[in-house]
Amino acid sequence: MTSLFSDPVHGFISVPKDLILDLVQTPVVQRLRRVRQLGVGYLVFPGAEHSRFGHALGAMALMQDALQVLAEKGTPISHEERLAALAGALLHDVGHAPFSHTLETTLIRGFHHELMSRALIVDLDNDFDGRLGLTLEMFDGTYLRPFFHELIASQLDMDRLDYLRRDTFYTGVAEGVVGVDRLIKTLQVIPEAGGPESRLVVEAKGTYAAENYILARRLMYWQVYLHKTVLAGDHLLRAAFRRIRRRPPPFPPVEGSPALMFFLSRIVEATEIDDPVVRARYLALDDTDVLYSLKRWQHDPDPVLADLSRRFINRDFFRVTFLDEPPGPQRRAGWKASVVDWLLAKGLATPTDVEEVALYYLTFDDSRHRAYSTGSRSICILERDGSLRELSESGDTTAISAVATAVVKPYVCAPKEVGV
Amino acid sequence: MTSLFSDPVHGFISVPKDLILDLVQTPVVQRLRRVRQLGVGYLVFPGAEHSRFGHALGAMALMQDALQVLAEKGTPISHEERLAALAGALLHDVGHAPFSHTLETTLIRGFHHELMSRALIVDLDNDFDGRLGLTLEMFDGTYLRPFFHELIASQLDMDRLDYLRRDTFYTGVAEGVVGVDRLIKTLQVIPEAGGPESRLVVEAKGTYAAENYILARRLMYWQVYLHKTVLAGDHLLRAAFRRIRRRPPPFPPVEGSPALMFFLSRIVEATEIDDPVVRARYLALDDTDVLYSLKRWQHDPDPVLADLSRRFINRDFFRVTFLDEPPGPQRRAGWKASVVDWLLAKGLATPTDVEEVALYYLTFDDSRHRAYSTGSRSICILERDGSLRELSESGDTTAISAVATAVVKPYVCAPKEVGV
Amino acid sequence: MTSLFSDPVHGFISVPKDLILDLVQTPVVQRLRRVRQLGVGYLVFPGAEHSRFGHALGAMALMQDALQVLAEKGTPISHEERLAALAGALLHDVGHAPFSHTLETTLIRGFHHELMSRALIVDLDNDFDGRLGLTLEMFDGTYLRPFFHELIASQLDMDRLDYLRRDTFYTGVAEGVVGVDRLIKTLQVIPEAGGPESRLVVEAKGTYAAENYILARRLMYWQVYLHKTVLAGDHLLRAAFRRIRRRPPPFPPVEGSPALMFFLSRIVEATEIDDPVVRARYLALDDTDVLYSLKRWQHDPDPVLADLSRRFINRDFFRVTFLDEPPGPQRRAGWKASVVDWLLAKGLATPTDVEEVALYYLTFDDSRHRAYSTGSRSICILERDGSLRELSESGDTTAISAVATAVVKPYVCAPKEVGV
Amino acid sequence: MTSLFSDPVHGFISVPKDLILDLVQTPVVQRLRRVRQLGVGYLVFPGAEHSRFGHALGAMALMQDALQVLAEKGTPISHEERLAALAGALLHDVGHAPFSHTLETTLIRGFHHELMSRALIVDLDNDFDGRLGLTLEMFDGTYLRPFFHELIASQLDMDRLDYLRRDTFYTGVAEGVVGVDRLIKTLQVIPEAGGPESRLVVEAKGTYAAENYILARRLMYWQVYLHKTVLAGDHLLRAAFRRIRRRPPPFPPVEGSPALMFFLSRIVEATEIDDPVVRARYLALDDTDVLYSLKRWQHDPDPVLADLSRRFINRDFFRVTFLDEPPGPQRRAGWKASVVDWLLAKGLATPTDVEEVALYYLTFDDSRHRAYSTGSRSICILERDGSLRELSESGDTTAISAVATAVVKPYVCAPKEVGV
């Protein structure tokens, strides 16, 4: 038996009542309703207010489709494997921090959300009497049928297929639309028996769809995920958090969400996620805490924190300007002088602390994205003659090789009022 | 000049830089990003996480379309009128409470959000040197060309057209889809000169579209807005708030968002919205405060508040059961006995306070909706022979007269574990 | 194994290679590519150029969905039953005449396309060594599990669900959109075992979707299928055909498609479809023959035939005017006098034949539609308490009872140039 | 005043009653309803049954959008220019042959449909008292404001934007979706005054949208327009026509549509389109004539013509196989031997004529497409610093340079039954 969820992206999603619905109802998964999928993206694309909860359901729904396609093509999939793979798709992102990627490293030093996802799946495995053991093997890539790992975590996994489809839906960015159905219909496991050497491939007739998928994802990165106003919003959030950590003595302790202050009042290392207390605090933390705290900090006695918070809440972001090349020391010094003057004139800093304060108001950084990696986890095309070809090596996909190197775009970020 | 917003529902929305963009950027309008359009609806329709901000933009966009259609049909509209009407559509909902309709009367006694919207538009009018005077006239219905008021607030206003279109988009409820474009294309003002007696009518060729709009809206009420799980979620929120107001002595003061506690620690009357302090507190309040507070209250020493809060956060709602008729005293007494037994057994109440506690765990209520009102603000069809006919009076719209009376559905709400 | 068809309405449609794909490839089914789904509808809704072929595939695809839903709910469906039902959905409309309903009775006296569909399925059954025997039983309603017949031919069959969805897609009439997925998900067979007494019902949670489906279908009738310009186009086609049958002596035989002339040069009775020669001629006939012939007839020496043909080809239709009541003899006589004068003035008739010619240029008729029949094949709702309720009898569906009577709209049809 | 057309792709299209609606109602434009946009494409993508009529309306609708965007950005556009440009978009394709591109050169030697379009616009200009003079200048590129020509015919014209959007809609090929709205919103004319040196450019923020448009169009070519089954269908049509031209003596004259036989019974040269008789015959010709004739030819005494026709009508196509390199003489000879044997065995040829007949049953050809031309009519990006950059020269569009060379794919086409 299944339970139906009405999803605007995929239509009705059937959630098996066996195990999967129980997982959906855990606080760990329900928390994803309070973590925005695109972080500050909703402040640039007003429709993109969707949370990671819908994405988790969607990735699971696509996993159902993929497994059905593979089964019809002769790859046997047992009931246990099916549930394990569905659980893997559902849970792969439970470790995300508030505002998704924005705050990951700001909250926990050396953190990556996949580590937390894994730790939380282990906790759930305990709660569910070891029923997630196979999911963990698939997640880790240690299960003897590696294509399950590829469906959960690879360059062509259900996570990516769902988020591209979903994010184009909510942002309205038509250019990112991907033929998810076609791609899934062309998946195959070779050798067909699905033995230990098995891997996931795309049939030749899916070549253009696969190419399009890579190019659409690249476009979404530059057009949405790394949109300069999104970068500006990210910057404000991180600046406010850094300010709290380095806040000078005269100011009283910051008042904010206790769950958030747990992570801001001291330095938490990635290794500490082994500590159940840290995990519990982390689970108590979501976008709500961040927004609630920023709203309060607008009235903090520290003018820098108040200014940064107010700017975020009222969407009065700094300006991000992309540069043709990394700025040299002289250019940087010029900008800094302007920022310093402006801070002093605005009363946001005094000659004593302006050096420190300028750190929050002027940033050099770069955004980088590699559209496709030709390495070990590349996408394989199964040619009509039975041979395998790495996606970028086909004569039909010259556009892929052209985007297989990382692109780096340096930028400077400062208040609009300063002429940077 | 205009600024473009990418809206997944209407495509690109052009926001005039003159006045309207400035209004969009005020904290009053930006706050709408933190108020969910469908209140707890997102806990039933996972895609419906959209806020009132997109709706405000959308209503403004439809107003642009409507004014253009009317102008092309010979109704002159001046630049000032256009800006005033766009501002009216943009601002009509700024007074909404957190979780939209759910909490209105719980926070302020005798409140209706339109009162607050008006008060906030007056504040904005002050901030913008009186540039919203005409908007206020249109909002109030005192402007000499009454069709502007009808476009802002009537049974066929841009507000309703946008929210139906938008809510069907995000919930994925195909049955609610309305031909918004067609309806707007068939609008007309008569007499064409748009004089003082002018009113908004639908041309005969839009009769079926208008009928469909009424029926689709009715369906959205019963299928979405008054969905029984939505009612159950609303109940939990209101129960938690009532509990705080009536919390017995031994417990320490509740810790929650100060902006929220301002409204829960005492009784605020609707008349107090004239007080700028109350308005400022209200503006500081949004969904964030409610969710943040509920998360904290999960750990409150009061087991009732903790239980209600935990249930909301983890979406462990009570069950709502619709009844064929209002339950008689005997039936009510039986249910109450079951709830009392259950509360005592669960340790949520003692014999001393179980009467009080049962108030939060057992509710009789009804949901009611009238799909169409034939009264003074009814929808008028302009027949091909130039005569006017009220929508429900046409032989083509027998379905309308069938739904023009209010439907009332009594229900009982109690924990699933209790066999009610 | 299946073959995939890319359908813009339902996405990828999987066609089983066993039997069903072979049926798709027969000339009988391929002919449907040359029969427009909406007859002359494409001359009013320019996107509605779709043929019955896509609809046949779509009805089959929805049958797949419905059978899967029923199977998951415990109604066992054997492989043979499944193929038979899919074939039934695919083939249910193979008997359609060119321009679908427009020409049915004009070509064959007393004809109904279902008779021809059945005869052609019998032919296919012979070609396929009796593999369509079960399909014929389902089609006829003689199979011991009657719900299969209901899925193929009832007020809630896959035919209707597909054509509503499809016709709204191609016409762009948003008001007709129906929640096909939701409806199919709420189907059930009771008693669950699917025994001889079994019937198809809609679960209570589908009540509003079922109501919406009836209302949307009604809207599509008045807004699209019986659109007054569609009626005007139908009229021209039939008038040209009648003229050929009654063409006076001096004119030479009409040159047109031989397949079409077979049916126009004499009167074919519905009983003659038992004759294989008649069926072969019928199969040779499609929209192509009609359009080709009309194009030639534009240059026919008979000015009446030439005028009617030219008007159709260039979309220079007569005007249809709906009337509040059937016109009395005096009104009719007045119109006729105008038409007669106009025909004489235009040189389309002489005093000798103007009585005859006026028959093609002035028509009184009515369009009629009953949105829902409460009779024996009504739609049944399975209430939550296990009882059955006919759709129009629920308190939630007052709109249905309001549209359950036939609506009749009289109209007059004449050239625009005549002031009728 | 305007007239509304309901288009499933763009929604309601407003057609100005001044000039443009009159043009729509001419037989020249109405004929486009009988010419399929994708030729035989509907036999591969069943939804793609749309005609050039909807495309002509759509291109005109996008021209309206583009002109409004340009006007808002300060490029003055007079009423006459607007009408002329709308007419240009509407009429640009009126010269298309039946089945669009498939038959162009088969019907008229050395033909290109743009020549015929121009000749027909000249005819219309005569009918409309010279009101299309400006349209002809824009069409020819001789008008002093060259951006109008670019909007009508260039690598970024309204024709291409509409057909990509439209063909993805009807084929259901999601990968081809293009952000048409975004692209049009980023168009600009520089210098802004729109003087003689003016040209159409894309603003920097449209760079990725422009890149995506090129890549999506390329994908549509390989995935749809040059799909191997489409090529196979094209082949059959052309083979049947060639057979008629070269039909050996014993056979009686072919019976088919006179309009079609006019072009098949002798060789018509491209220069003859100056002859009004040829143009009239051409206007009488559309898909109807081709399908009608093929249906008749199924029963032709010439077994070759009958076989080719039957295969087309019943969609029993040859197989097209793409080759890694052009086949050498030995490979060709081997295939030919197989085809010859098969033809003799099937009785489709005798030893006397098998050489000739084999020409229809075995073809070597190649399909070729250049996704983007960097030459004189390239797409220009207006960078944020005011400079111009050719699309392929930006660091952000490496994928473009990778596809700017022509790709050639050799293939062989022969009956499936022959093992080629």
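Should a chain be cited, it is by its letter among A, B, C and D, assigned in written order, with residues numbered from 1 in that chain.
What we mean here is this: contacts are C-beta pairs under 8 Å (C-beta built on N, C-alpha and C of every residue); 3 or more make two chains touch, one makes a residue touch a chain.
This structure is a prediction, so every number in the text was calculated from the model and none was measured.
Engineer: Out of curiosity, which chains are bumping into both subunit A and subunit B?
Structural biologist: Intersection of subunit A and subunit B contact lists gives C, D.
Engineer: More C-beta contacts across A-C or across A-D?
Structural biologist: More C-beta contacts join the chains of A-D.
Engineer: I'd like the Å distance between the centres of subunit A and subunit C, where a centre is the mean of that chain's Cα atoms.
Structural biologist: Chain centroid spacing, subunit A to subunit C, equals 50 Å.
Engineer: Counting in whole Å, what is the centre-to-centre distance of subunit A and subunit D, each centre being its mean C-alpha position?
Structural biologist: About 43 Å separates the centre of subunit A from that of subunit D.
Engineer: Hey, what residues on subunit A touch two or more of the other chains?
Structural biologist: 11, 173, 181-182, in rising order.
Engineer: Looking at the complex, which residues from subunit C come into contact with subunit D?
Structural biologist: Those in contact with subunit D are residues 5-9, 11, 25, 27, 30, 33-34, 42-43, 45-47, 49-51, 53-54, 57, 169-173, 257-259, 284, 288-289, 291-292, 295-296, 313-316.
Engineer: Give every residue of subunit C touching subunit A within the complex, in rising order.
Structural biologist: 1-2, 4, 11-12, 72, 181-182, 185
Engineer: Report the residues of subunit B in contact with subunit C in the complex, numbered from low to high.
Structural biologist: Within the complex, subunit B touches subunit C at residues 173-175, 177-182, 208-209, 211-212, 215-216, 219, 222-223, 395-396, 398-399, 401-403, 407.
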